[in-house]
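A, B and C label the chains in the order they appear, each numbered from 1.
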Amino acid sequence: MLSYALKRLLVAVPTLFVIITLSFFLIRIAPGGPFDLIPNLDPAVAENLRKAYDLDKPLAEQYGNYLRRLASGDLGPSLAYRDRTVAELIAEGLPVSAQLGLTALCVGLFGGMLCGIVAALRKNSAVDFTVMAVAMTGVAVPTFVTAPLLTLFFGLRLGWLPISGWNNGQFAHIVLPVTALALPAIAGIARITRGSMLESLNADYVRAARAKGLPEWKVIARHVLRPACMPVVSYLGPAIAGAMTGSVVIETIFGLPGIGRAFVEGALNRDYSLILGIVIVYAALVILLNLLADIIYGYLDPRVRPG
Amino acid sequence: MSAPLLACENLHVRFTTRASEVHAVRGVDFEARAGDCIGIVGESGSGKTQTAMALMGLLADNAAASGSVRFREEEILNAPARRLNRIRGRRISMVFQDPMASLTPFLRIGEQLCEALRQHSGMSREKAKARALEVLGIVQISDPRRRLRMYPHQLSGGQRQRVMIAQALMCEPDLLIADEPTTALDLTIQAQILAFFRSLKKRVAIVVITHDLGVVAGLCDKVLVMQNGRIVERGAIERIFRAPRHPRTRALLAALPRPGRNADKLTPDSAPEAGAGSGPLLRVDDLKVHFAARARNGLRSRTVPLKAVDGVSFQIAEGETVGIVGESGCGKSTLARAVLRLIGATGGRIAWQGEELSRLSRKAMNERRKDLGVVFQDPLSSLNPRMTIGSIIAEPLRRFHPEMSREDRDAAVLNALREVGLEREHRNRYPHEFSGGQCQRVSIARAMILKPRLLICDEPVSSLDLSTRKQTIRLLHELQNRHKVAILFISHDLSVVRMVCDRVLVMHLGRFVEMAEGNTLFDAPSHPYTQALISAIPAPGLMAQQQAQRIILAGELPSPINPPSGCAFRTRCPIATSLCGEQAPAFRMLENGAQAACHYA
Amino acid sequence: MTPPAAPKVETAADGGAQLLSGRSLWQDAMARFRRHRAAMASVWVLGAITVLAILTPELWPNSLEDVNWDYLESPPTTGNYLWFGTDANGRDMVPRTFYGARISLAIGVLTTLVALIIGVAYGAIAGYRGGVPGDLMMRVVDVLYALPALFFVIILVTVFGNSFLLIFLCIGAVEWLTLARIVRGQTLSIKEKEYVQSARAAGLSTASILLRHIIPNVTGPVIAYVTLLIPINIIVESYLSFLGLGVQEPYTSWGRLIAQGANETGTAPWLLIIPASFLAVTLFCFNFIGDGLRDALDPKDRTR
């Protein structure tokens, strides 16, 4: 198992490298530069700025310099916030985004599985129909619709919860963003869990377990739940990507100082080094979390376990 | 006379589906007493499996059972799960058909074995484990201590079935219900398991459910024959085999192979004019097909050759029928695909009418395919689900006779349909609307439409019901007589091969171990492997004492990645000596005209 | 081992003509689809929305840009046909909502088309070619998978600008990955099917095998996925518009309308609720149709 994880980590390095290269050149071939947006900029000043930020060199040289600095952990200076480095900006925003994203993922995972299991065990009952209708809504309605509606209802009408701000991750402040972000995950996971539960309830080995005279709860706990979890684990990859995508919108709507919002601002300001830095961080996170999902999968299903 | 263990009276099972109600079991009565061994026999759909499911309270949600099932006087039909669970797994246990699907894939063997015992007796983990080891010993699994820690997919098919049986025996039940316990297994493994069931009869009452009367022969004392949900005949096994009364029973008996006699042999209308002046139609010399397989050695994995076919030579004359027989995994299907150049050969030569096929360009090879027909095993997946039967059969015509007019092509297709016994109306239908036997007829029609000179049949009847099997083989035989086509017939089932083949090659682990004329092979097999295969054919008429004389091979087919040294068969061979480990036997001519690769043949 | 369906009665010759008339898998699938009530209803609702999206902006008494000075930020009213109310500039929300529908639907369908072409071609080639080149092609997909799609789209849009054409090219260029995986997986398994082996043994050319035997059999899962990809792409475009990176004034899309509405939830909730409802209903419909198609094209009980 350990050697498998190490091997996967080794594959992750070139993957990350390709992503860095791709993003770097994509961003640099764009017409216009980061300083075009500053009104009434003297061409000479612009030239100096370009020189200061290493943008006047040939592209290949810039790329080489970037990689060299990256190897020592330096993501370069931000082009829009000129006295900050990208690393500082990310270090500020990442804890916020991580707390938001991971909480939402956990809520989505447990909430979704619980709903799915209950719906499957009470198949075709009112509970099942309710859960599935809510899940369908969660799948179909994007976060940027649910988030303003939640704000409207719980924040403005009822006045129970603050509608924006982070306040160091205080509980009341994260309830709404986490809910909005977790809803699609809950919905997707509930649907998948229900489907795989129903499938594994019909498996031959479940009948064989019943033939052993085990009580029903034991049959389900030992023989049904585990295979039912496996499609959920493989859905974790897309769910992670979804949570990251969603966090961009959620952070914008709720005014949270995370890297998702920094990314959007970077894109609007053409802050190349910031965009690139955040893409690298996100790609690394996705790769890492997917690796984790694969390892869990291997733990659950001995048939795919290497060796 | 004591009370019966299990008494089943007027049992009915109905399934309600959205469209209709299916009355699967219609009034079944029988009883089983201690020491009984009862066989319930019927074709698929006769309701035999649903009867067993009803006994165990395992019917699907949309099923309703009525009647009465009493275990030791206690009514258990439709009993609440709590009461049922005191009996099932403990007093009655069950062995299911497909051990791969019926063992939970992600739990270790040890956990699965112990859970019923611990549930019913509250035994400690250690005690349960000790019992599991004991039972694994009873079912004769090698190295039981290690098996306890393994997962089902790490075992072979035969071992999995033994684990299933061990699981059923854990609580020392009074009654064991086995649903098609050997259907998914190779013949030699089936013989092992059946022999084991015979030894179990002293311990526990057994109900065996099967479609194959050959399985109950020599095992059961009483037989119930089912058809359309009813028991149509019942009686002592000797009587059933000697004097069957119901037509269904007679049909089931007729579908059985009869060893030791030539009754099944389909004789050609005229003897093939073997090589009339010209050379052989197909000549294969030292053919090798190796695949790259990954073998693990500690942490490092490396690529090693998997020798699926390892140097085989044979020839087929015009109009001749040659059979290739071997257990699954012996390389016979790979051989067929290599001859057709569907997979590349690693070495050796394939000569078609003297012309070497492996040297031909792909285009030239495609032209030769006109004379090479092929029929594969799985009837449904052999036919493109999106095409009509008519266009499936016409496809080779379009390829090789594009100039043919539409009318001529339609006429040819209708003719082909008639030849294989299908109606002209069938040509506009789609494969999923047909039964397995019908699909296989379509495959045959497609293979024969260009009047090929050689037809390669890869397990053409293995996925069909026993009675359909015989009809399909008769059809092949008729077509062969009419069109004088040579057939290479590949099967794991010797009894099928003996019906049609002039010459038989026996394959083991990528090599031929014996080649002989059909009659010689069956009457006087030379190689110990052939002897074991012939003896493993389940057969009626062979009663208990004769069954005891069967040759039961130990163990299973060795891994082709790491075959035994010397003779690859020696690990399972009853007569192997140290010489066999040192030196691989040569394929040599014997006195009776057969050829075999054995030091002691 | 599943409970038996109606038992198949075989005549002695194993060739009884007791079957229904010949129906292709497509006809079967369509019949099953028509029985799926939610999916059928969705087809009608979606059709209605499409027709409204095409006609309303042209035929409605108030145009997209007209300012109703008497009705600045007015809630829905029957006066002056302002059934959906007006925005802060007094513009009628009816034509704006349906104009947004036009853009959102068009982008959903066109991006999916782009993704379909790239994905099917890429996946089929990778699958049928197989071996090292096929594996390499799929490694590229794996690498791109590590990037959340929206981020990539955002980069592309920032780099290439956000005209209508570029937006759907960008989204399409990112969303083909899953399709390529599906098509490759299907191709790999169908390639090993015995009917393809039979076709090869019958001497058919690679092109006819691909056209007659492989592609017709991958279309089922592809169609089902495509109906699910359309709503995904509508959402992606909405995200972009929501973040201010999508279509620009004077054009509008549901995402833009929702973004504007979200800023004024306190004072003018109809600005959020109306376009959001239309978007949600549309997404529901596509999801139901997708589910219906999946059930119809790939019924599990079909394995005999």
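Basically, contacts are C-beta pairs under 8 Å (C-beta built on N, C-alpha and C of every residue); 3 or more make two chains touch, one makes a residue touch a chain.
Values in this document were obtained by computation on a predicted structure and should not be read as measured data.
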Most distant chain from chain B, judged by the mean position of its C-alpha atoms: A
Chain pair showing more contacts of the two, A-B and A-C: A-C
Centre-of-Cα separation between chain C and chain B, whole angstrom: 46
For chain A paired with chain B, centre-to-centre distance based on mean C-alpha positions, whole Å: 50
Centre-of-Cα separation between chain C and chain A, whole angstrom: 23
Contacts with two or more other chains, residues of chain C listed in rising order: 1-2
Chain B residues counted as touching two or more neighbouring chains: 96, 98, 101
Per-residue overlap in chain A, given as positions that touch at least 2 other chains: 204, 207
Parts of chain A lying in touch with chain B, wherever the complex brings them together: 3, 203-205, 207-216, 218, 222-223, 226-227, 300-303, 307
Touching residues on chain B, where the partner in the complex is chain A: 56-58, 81-82, 84-90, 93-94, 96, 98, 101-107, 115-116, 119-120, 151, 153, 164, 167, 296, 299
Residue numbers on chain C that touch chain B, as the complex places them: 1-8, 10, 13-15, 17, 19-26, 193-195, 197-205, 208, 212-213, 216-217, 302, 304
Of chain B, residues touching chain C in the complex: 15, 17, 19-20, 22, 24, 45, 49-50, 59-60, 62-63, 96-98, 101, 228, 337, 340, 342, 365-367, 369-370, 372-374, 376-378, 380-388, 395-396, 399-400, 421-423, 425-426, 428-430, 432-435, 437-438, 441, 443, 446, 468, 471
Residue ranges of chain A in contact with chain C within the complex: 15-16, 18-19, 23, 26-27, 29-30, 136-137, 139-142, 144-145, 147-149, 151-152, 156, 202, 204, 207, 237, 241, 244-245, 248-249, 252-253, 263-264, 267-268, 270, 275, 278-279, 282-283, 286-287, 290
